[in-house]
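Two complexes, one shared chain (subunit A), two partners (subunit B, subunit C).
Let's turn to the complex of A and B:
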């Protein structure tokens, strides 16, 4: 069950304790499999609208960038990036006009969820960095020296 | 009027009236649609919906009337309110239901005895009272009451929400961006920002339509990519409209903040005071009953003896009632700041007297006239002596003084008239002496009339 996602409880991150396992019922699909109803405790992760969380940038394009916060995938569109941060085609990253902020792949960003789509087995969110205290919080490991400069 | 009542009335005019109108409009539309469907289904004879047609005729200002009436009352039976406002009970109930959904008022439904019917049964059927009360079914009566604290809360919450939404829109913070397939002729599929996860193509590094595989662009940017440049409408479409809508949003925001400025000021005033609360209907009824008992007991105590509640004066439970009800203070001034001067006749306390009608204080005016004349120092030398005399002497003096004053005034008016005549004569170039005599003769009766007029004027001034 770990690593799955349900629309009701969100992502099941880790099962901590198994409470009860029922007697098995053999399925009638000819596979000789059995079904067990299992009660268990687990660590679940379900995002909420307006939640602020830290994520790692995975993909960057001219429409915005994708990021991941654990199992959750987020998309920050162009319009939800501050006005002075623009897409640079050559470097495939978002750069501020003063050059102090560069958001590329593997950078850490703090985002706020503004929209969400919950499917039966997936959750996808739209996030923003266009508010106070949001945006870049750390560079990728290789760029750490650049970030410090 | 208390600040909370003012706020309720303001909100009724600014908000509840509009929301009610909107609700009625929607209801009317619903009725219309259902009527259409009914007609399509073939049952077109007569009025298909019993409510159809009624909703359109509703007067939205009725909300103001109801809220105003409720601000003057506490808990009230809805039927009584309808009768007082001369409204149809059903119409009133619709308004009240709407206000209830807005959390403006609270309603309570209780079963009440039908005393009139029971009495009739007792009289006509010869039943005992108990039998009659068992025979007659209790009727459900609805009571309603404004809930001032919730009015403030809902208004604050609502206004904050609207403001935040407008600000978000103004900041261009709409996250629901939409994308469209470039292949308009064959596909033209549109996607929202929530679909981007499956649109992203790693190879191309952009979004690709999941149906036809063509590139996907942000809506509004399609025309920017086109090289034609001759399509003015297309050029103006995205940026132009966005800019315009931003301006419109700004105007809307300004208009909104101007319109709600009054309500916000009133809310700020309200927050300084505790909101009036009438409790639940049961509490209200119990407290009212106790208060009435206490008042009666107090009245009995005043009339002769200690009364039922003894020396306590206030019954248990009535204090809570008094606290829950809003305190209203009246400042009643009779006879100006110094109280009613009619009781102070003849008294000389040196304070300024109130202007009274002549028919009330005819004699008093004589005194005052004398005193005023004294103040003017026409005969300043006698004033010190007269102050020490008794009231009787004062009256005599006043009369004498009045006579003297009248004589003096007569002289002065005659002189003034003579002067005017002189001037006129000079202008006309007539003989001064002959005209002076004629003037005296003519002026005498005129002067007499004037005296009376001036006397009257002076009485009034006093």
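Let's turn to the complex of A and C:
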């Protein structure tokens, strides 16, 4: 179970406690295996729409950038990046007009989830940094706000 | 199959973190902050190492990626401080565990930032601006004296 991902519960990170294991039922598929229903507590990692979280940029291109928050993959399209922050081909990063913000691979960004694609065993999120207090972390002095101006 | 797909879709459409709608499966789940998850995961690794058991359950890609993430963003906060922050946010200030987790993860510095990142804090009948500001200051203080 651990390490799996379902659309319903998200990523099962680790099982912390097993509550109850039912009596086994021998399967009738001729393999002599048995099935058990197990109740357990676990740490699940599940994103929600409109949730704000921190992520690490993994890949940048002219259409936007990909970021990762643990096992979760996120994509921020260039239309969801503030208007004054543009893609710079030579450096393969997003840069603000005043040069203060540079978003490249391995940068930490604060994003808000705007959409999710939920498959049976995968979750992929579309996120934005085009709102107040989102964007590159550690830009503003003493706190993590970018859009605070 | 299409019935199932419909069910799934309507389920996720009902979800909205802004309004604390986490769907039926998570409505009574406890939400943990990144620091709390870090403590749980490190305790698990410690247990496995001590018992010399087969550590297959900590050997998954999801576990490793999550561990890396919580170590990067969880900060170096002791168990006592994590407990203190949790009690302060949920018991003293009446935050939902989801709000408490997000506030503790994102560490807003003022009321304006807090209500922008966690809009449900602003809903009617919730804590006042002063109370939330005091709560944020207190949280920053606990972290500072770590």
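Keep in mind that, in the parts below, the second predicted complex is superposed on the first by the 124 of 149 C-alpha atoms of A that agree within 3 Å, B and C clash if a C-alpha of one lies under 4 Å from a C-alpha of the other, contacts with A are read in each partner's own complex, and residues count from 1 in each chain.
Methods note: a residue touches a chain if its C-beta (ideal position, glycine included) is under 8 Å from a C-beta of that chain, and two chains touch if they have at least 3 such contacts.
What you see is a predicted model, and the numbers here were worked out from it, not measured in a lab.
After superposition on subunit A, the partners subunit B and subunit C are seen to fit next to each other with no clash.
In the superposition on chain A, contact of A:96 is made with neither subunit B nor subunit C. When the shared chain is aligned, subunit C comes close enough to touch A:53, but subunit B does not.
With both structures placed on the common chain, the touch criterion links A:6 to neither subunit B nor subunit C.
After overlaying the two complexes on the shared chain, residue contacts for A:77 are found with subunit B alone; subunit C is out of touch. By the touch criterion stated above, A:62 is placed in contact with subunit B alone, subunit C being left untouched. Of the two partners, subunit B and subunit C, it is C that touches more residues of subunit A. Here the smallest spacing between CA atoms of subunit B and those of subunit C, following superposition, is 12 Å. On subunit A, the surface patch touched by subunit B in one complex and by subunit C in the other comprises residues 116.
The touching residues of subunit A, counted against subunit C in their complex, run 2-5, 7-9, 11-16, 43-46, 48-54, 56, 68-71, 108, 110, 113, 116, 118, 131-133, 142-145, 148. Residues 8, 11-12, 15-18, 22-23, 25-26, 29, 32, 37, 40-41, 44, 57-58, 60-63, 65-66, 68-70, 72-73, 102, 105-109, 113, 116-119 of subunit C touch subunit A in their complex.
By the touch rule above, subunit A contacts subunit B in their complex via residues 59, 61-64, 66, 73, 75, 77-80, 92, 114-117, 124, 126, 128, 130. Against subunit A, in their complex, subunit B makes its touches with residues 171-177, 179, 193-194, 196-197, 200, 202, 205-207, 218.
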